[in-house]
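Structures are listed in the sections that come next.
Common to both upcoming complexes is chain A, partnered first by chain B, then by chain C.
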Partner chain A sequence: MTTTLSKPSEVGVAQSPRPGRSGAAPRRRSSVVSRQKRAGWWMIAPALVQSVVFITVPTIAAILLAFTDYSFSGAPNFIGGANFVELFGDIRFRTALVNTVLYVLVVVPVSMAIALAVAIALNQKIRALGAFRTAYYIPVVTATVAVGTVWLWIFNSGSGLANGVLALFGLSPVGWLTDPNHALSSLMVVGIWQGLGAKMIIYLAALQGVSPQLVEAANLDGANRWQVFRFVTWPSLGPAQFFVLITSIVGTFQVFDLVYVTTKGGPGLATNVLVFDVYNNAFGSLRLGYASAETVIMMILIGGFIILGRRLQGANTHD
Partner chain B sequence: MTSPSTAVQAIPGAIVPTRRRKKRVTIGRVALYLVLTVGAFLMIAPFLWMILTAFKSELEVARFTWLPAVWRWDNFVGAMQTAPFLQYFRNSLVIAVGETAVTLAICTMAGYVLSSIPIRGGKFLLNYFITLLMVPFQIILVPLFLIVKSVPLFGGNDIFGQGGTGWLNSWWGLIVPLAAAPIFTFLARQFYVSLPSELADAARMDGVGEFGIFWRIMTPLVKPALITIAVFQIEAAWNGFLWPLMITTTDDLRPLQLGLAIFSQNPASIQWPYLMAGTALATLPMVLLFVFAQKQFVEGMANVGLKG
Partner chain C sequence: MKRSTTLGVVGTALAVAVVLSACTSTGGAKEGAKSVDPAKATGTIRVLTPAYPASNEGKAAFQAVVDGFNKTYPHVKVEPDFATYATLNEKISTSIASGAGYDVLVTGVGWVQPFAAKNVFEDLGNHGVTKKTLGEKSTPALIPASTYKDKIYAWPLTADARAIGFRKSAFIKAGLDPKNPPTTFKGIKAAAEKLTERDAAGNITRPGFDFNTSPGNYRQAFVQLLAADGKDLYVNGKQNFDNKQGVETLNWMKSMINHVQPFGQQNAALKPMTYTNDAPMGFVGGSIDCSEAGVGQANCDDLGFFLLNNTREVEMVGGNLASVGANSKNKDLAWAFIKSMSSDAALEAMAKLNNQIPATANAADSAIVKSNALSKFVAKNLGRAIYEGGATNWLEVRTDFNSSVDDVLLGKRDAAEVLGELATKSR
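And then the complex of A and B:
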């Protein structure tokens, strides 16, 4: 190993220093690089194979199925865009679409804003940082099945915590999950609550990476707190914002477990969201092709939201 | 260096402003702590409620009370006896350890290659993994099920993957498809990117092989990354619900979350205290994991967004 590596360069240098160096170094580098590349392919292969077999192939299959009438049994027949035409006349799908978009539009910005505020507060060299961090992170480590059952209890119209608190202020009880006007908002509260901790941790980590020298310099120049935040902290958060935005949009669009455990899409269609509707069409009605068409629309929507979010952030992102 | 600062402190006029600033900060701090504490309470209230309910009697659960009249520790014993929780627990442990071990092995390698080795199409591969981040799991659920069912030469399948059940109802099926999410490859890449390439070059000069550079030189430097990835993957595996629901049919393989959901299947006859006791026991290991790993975890997260 050592001989192959050192030989050409030594010879090259020994013969004539200047042309030798410029001639031999690229050659040596190219042999190293090709060995590097070979090793690289071996090392990336397992992850690549795993992702192709278990993610890429199923995704392509789902897109192809969207143009068929596949229903678990029998061969899929190609039916063109019929599924998509039917979808836009389907009241269940249209409600799910509106509900999901509303849910994303509320949950993503609100939870990002609160998470950033909490992270900034926790970044003030405070005592018991570990305890606070843990408290805000607990909803993240708790499984949605557990979270769902606890909130089901809290929103319980008879003996739940939420109505108990309202009663303390002399307010009349609310059918949090049973009233169609409140059900989706109640789930939004749970969604914001649940996703806060993960975003907060990323912001907190990013804030610790903000250069103290820059902040000091800004302070010396007479910048007030808001100006320091706006012109020093905020731009340095750019890459973290990108990561938080993408993971939140994708994660929020995928809300399923919560709906499955708490409302099952009800009352009526009040909390019917896209993934839940997909699940129902695929495993309830066994209409796999139809469900796949729905997921294709969802993928396009997620892509659109990410582009939109990037545009909105664009002005403030550094890279 | 030292003399000017002591000189500044010696001047009385310099002390007064700092003192005044300290005082003003203290008032602000009280507000800060107050807001943070109220917020923290809101965050853990549902969790507290769960723990308190676990100690209550069936009757108490029917109306709104915070504290149980009598702390019924035997609810935990009762919950354990009503469902095979120990078995669910063991199953979750096997899945979490299996997925995390595979993830740590293959996602770090892939992340290292994407960050530091100039393979052809490296940029394309990076974008490929980022794109995969955006594919919701629910979308691929059904095709994935069909693929897992037709793994050749497993579960009575022939070489073309027909005739048997493949990886359904097996540890393989539970662990392998979820063992290397693209998000972990991307995370690992973000960490390796922040290491100086001079380190690898120096090791290469000393005749260290490419795998040796990855394994012995670079990977020990990204320990926070390994902890971050491990914590994320353990949590994901521990809290997994939909996939095990689809591919297992017996208690032999079912993990905790599934056990809990089955436990609460019939809303009319849910024994809330038992369910909450089971839920509390299921959540506790993950809370402890975070408590002990959080410092490294936050440090690890600090690298995630550094270089796009």
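And then the complex of A and C:
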């Protein structure tokens, strides 16, 4: 299939000049190739339309609007890089940038490590395995609004479960979401917990794909459990690690709903993150041009993080 | 090269589309009612409203308005969009950007001037509304919030008044006189300190004063306190908070936070803590349900109310206000629908749903006002109303206010510095 599609002209050119051979066969092949090409385009058309309408066009729109003062009314005026200049002098943006990077730097590696540990545990022959796997996956399929509401109650400074537990040990209550020194950390805990299940499932699938022959060979060579993990399991997880890393970076950078439901970016700017700031600038302050400039910076930042992650894992991805 | 050309074309087309959608005026309805017999008028009007919650009760109350409207306009379809105040800007802005603007928009007091300035709302003078005609039918409290450049852009529906509530029993227990509650900053702080309860470790177990707000929302308390200190937030669209009173007010709030109430403390129901005796004094709304389904009569009987009066006695008033979309193609039908929403029965139902009071000139005579002491109190004091907003860029500044006030209350930034910065942004 691949050969036919990728080298249609070569087939035709190679055969047609031969003397004494009819040109019908190559024409037939050429016609088949054309039909296959058309069929290919038809098959990718829905995905292509979806990508163009919902990804390409909004991306281009955001980039164009980033250089305007568009605020939902009137025509957008081109203002060059003024939005970008203003952004870097804006304390809200700078704080959001720092908070987001901190959030990513903590949530991504910690959740990946915990998810891997859980996956390894759930890859053993233990009782109620299905129940455990389901329990870890439930947060993934639960709406973030519901998750946020439950955590709001857990973190309520007056009557919340977290402070109730502290009280059992005679400890003073903590303003989990109301103290600027704790609010972002509290959201990180929720973020780690919420993303655990999806990562765990991918790791679990990858663990089950580790060659038992390799493990057995390592055991026969006298490798201990750590050595088996370090030299057999870990390298086999490369592609899964890469996939989890990339999706985690992108997903974590775009944290919004959790902040929207629980803290609204507060107290002060303690939990203001980039997507929430974009939302505030676009729909709170009605400055779509400014918000678009922030989006462009965020896209560049995500790209940078992905390149960094790719380089860090490059040797281990088999891609 | 080809690809970049294509992207350029797509980008240019998109920019053109944005410009066109921003410039075009489209509405939900196709046929106007002007000089058309109401019985023969046809079309659809789209109504954006946070005044009716998207619950069964809210939808039923809205449908009752539609039914009344359809008695006069039987062939006009009404499409509601039950928004919340949290999603209002998203709805309005995306409707403008898409060119499918609403015909009727219900918003709050801070929205009118910004959207009037952006030509999103229609001058109601085109429908014969003047300050005089509005004043005859509506509470004077909300007329300034409905006005932009001396023209009326919104019709007040309900008033959301704020007062200070206190528990008489708690006052007596603390040796305070419930017949003479404190109203000044100094007096309130002294009383709150007496009323605050702590455990052996010094942690506050019962706040002495409830700001009744979450982190990021102390802005409204600041506006109310600032007015009580003699300064409205804006005067003639110019900021009026970057001054001695502004700094004094913010610093007073800071001195209360974590001293008589932990920052951002709220009860699980997110209702004023004074209603349920979780706090002996604090900010309250404009209506309270004293039935057994609400807080109960015993709770209501223990409540007293007063207004802040550091140098001026004030009552903060927000509310629901209805406007005609400037891009509507059926403005007369939209205005006719607003009149249906403003009937006494409709306003009574809307006020009940929102724990507010009707924004009518004779609000004191309404059943909901007569039903509870708090509503009677705030209705009696509507003449002392102040409101939040007043500048065309208020929606932008408001966002900055939220985080900046938090920063001062938490001791992270200086009050004068923050107010100076906000004043610069307000220009």
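Quick note on the criterion: the second predicted complex is superposed on the first by the 281 of 319 C-alpha atoms of A that agree within 3 Å, B and C clash if a C-alpha of one lies under 4 Å from a C-alpha of the other, contacts with A are read in each partner's own complex, and residues count from 1 in each chain.
The definition used in the following text is that contacts are C-beta pairs under 8 Å (C-beta built on N, C-alpha and C of every residue); 3 or more make two chains touch, one makes a residue touch a chain.
This is a predicted model, so every value here is computed, not measured.
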Across chain A, the partner (chain B or chain C) reaching more residues is B
Touching A:G284, do we find chain B (first), chain C (second), both, or neither? second
Answer with first, second, both or neither: which of chain B and chain C does A:G130 touch in the superposed model?
first
Query raised in the report: With the two structures laid over each other on chain A, which partner does A:N272 touch: chain B (first), chain C (second), both, or neither?
Result: second
Return first, second, both or neither, reflecting whether A:T56 touches chain B, chain C, both chains, or no partner chain. both
- Is A:W226 in contact with chain B, with chain C, with both, or with neither (first, second, both, neither)? neither
* Asked: After lining up the shared chain so the two structures overlap, which partner does A:F169 touch, if you call chain B first and chain C second: first, second, both or neither?
  -> neither
Practice task
May I ask you to decide whether A:S157 touches chain B, chain C, both, or neither, giving the answer as first, second, both or neither?
Solution key: second
Where chain B and chain C land on the same part of chain A: residues 56-57, 61, 65, 153, 158-159, 282, 288
Within their complex, chain C touches chain A through residues 7, 10-11, 14-15, 18-19, 22-23, 89-90, 92-93, 96-97, 114, 118-120, 201, 203, 214-216, 262-268, 395-396, 398-400, 402-404, 406-407, 410, 412
Touching chain A in the complex, chain B uses residues 29, 32-33, 35-36, 39-47, 49-50, 53, 61-64, 105-107, 109-110, 112-114, 117-120, 125, 128-129, 132-144, 146-147, 176-180, 182-183, 185, 204-205, 207, 209-211, 214, 235, 238-239, 241-242, 256-257, 260-261, 264, 272, 275-276, 279, 282-283, 286-287, 289-291, 294-295, 297-308
Within the complex, chain C is touched by chain A residues 56-57, 60-61, 63-65, 70-76, 92, 153, 156-159, 172-173, 175, 177-180, 263-269, 272, 280, 282-288
Listed in rising order, the residues of chain A that touch chain B in the complex are 1-2, 5, 32-33, 35-37, 39-41, 43-44, 46-48, 50-51, 53-59, 61-62, 65, 118, 121-122, 124, 126, 130-147, 149-151, 153-154, 158-161, 163-164, 167, 193, 196-197, 201-202, 204-206, 208-209, 237-243, 246-247, 250, 253-254, 256-257, 261, 275, 278-279, 282, 288, 291-292, 295, 298-299, 302-303, 306, 319
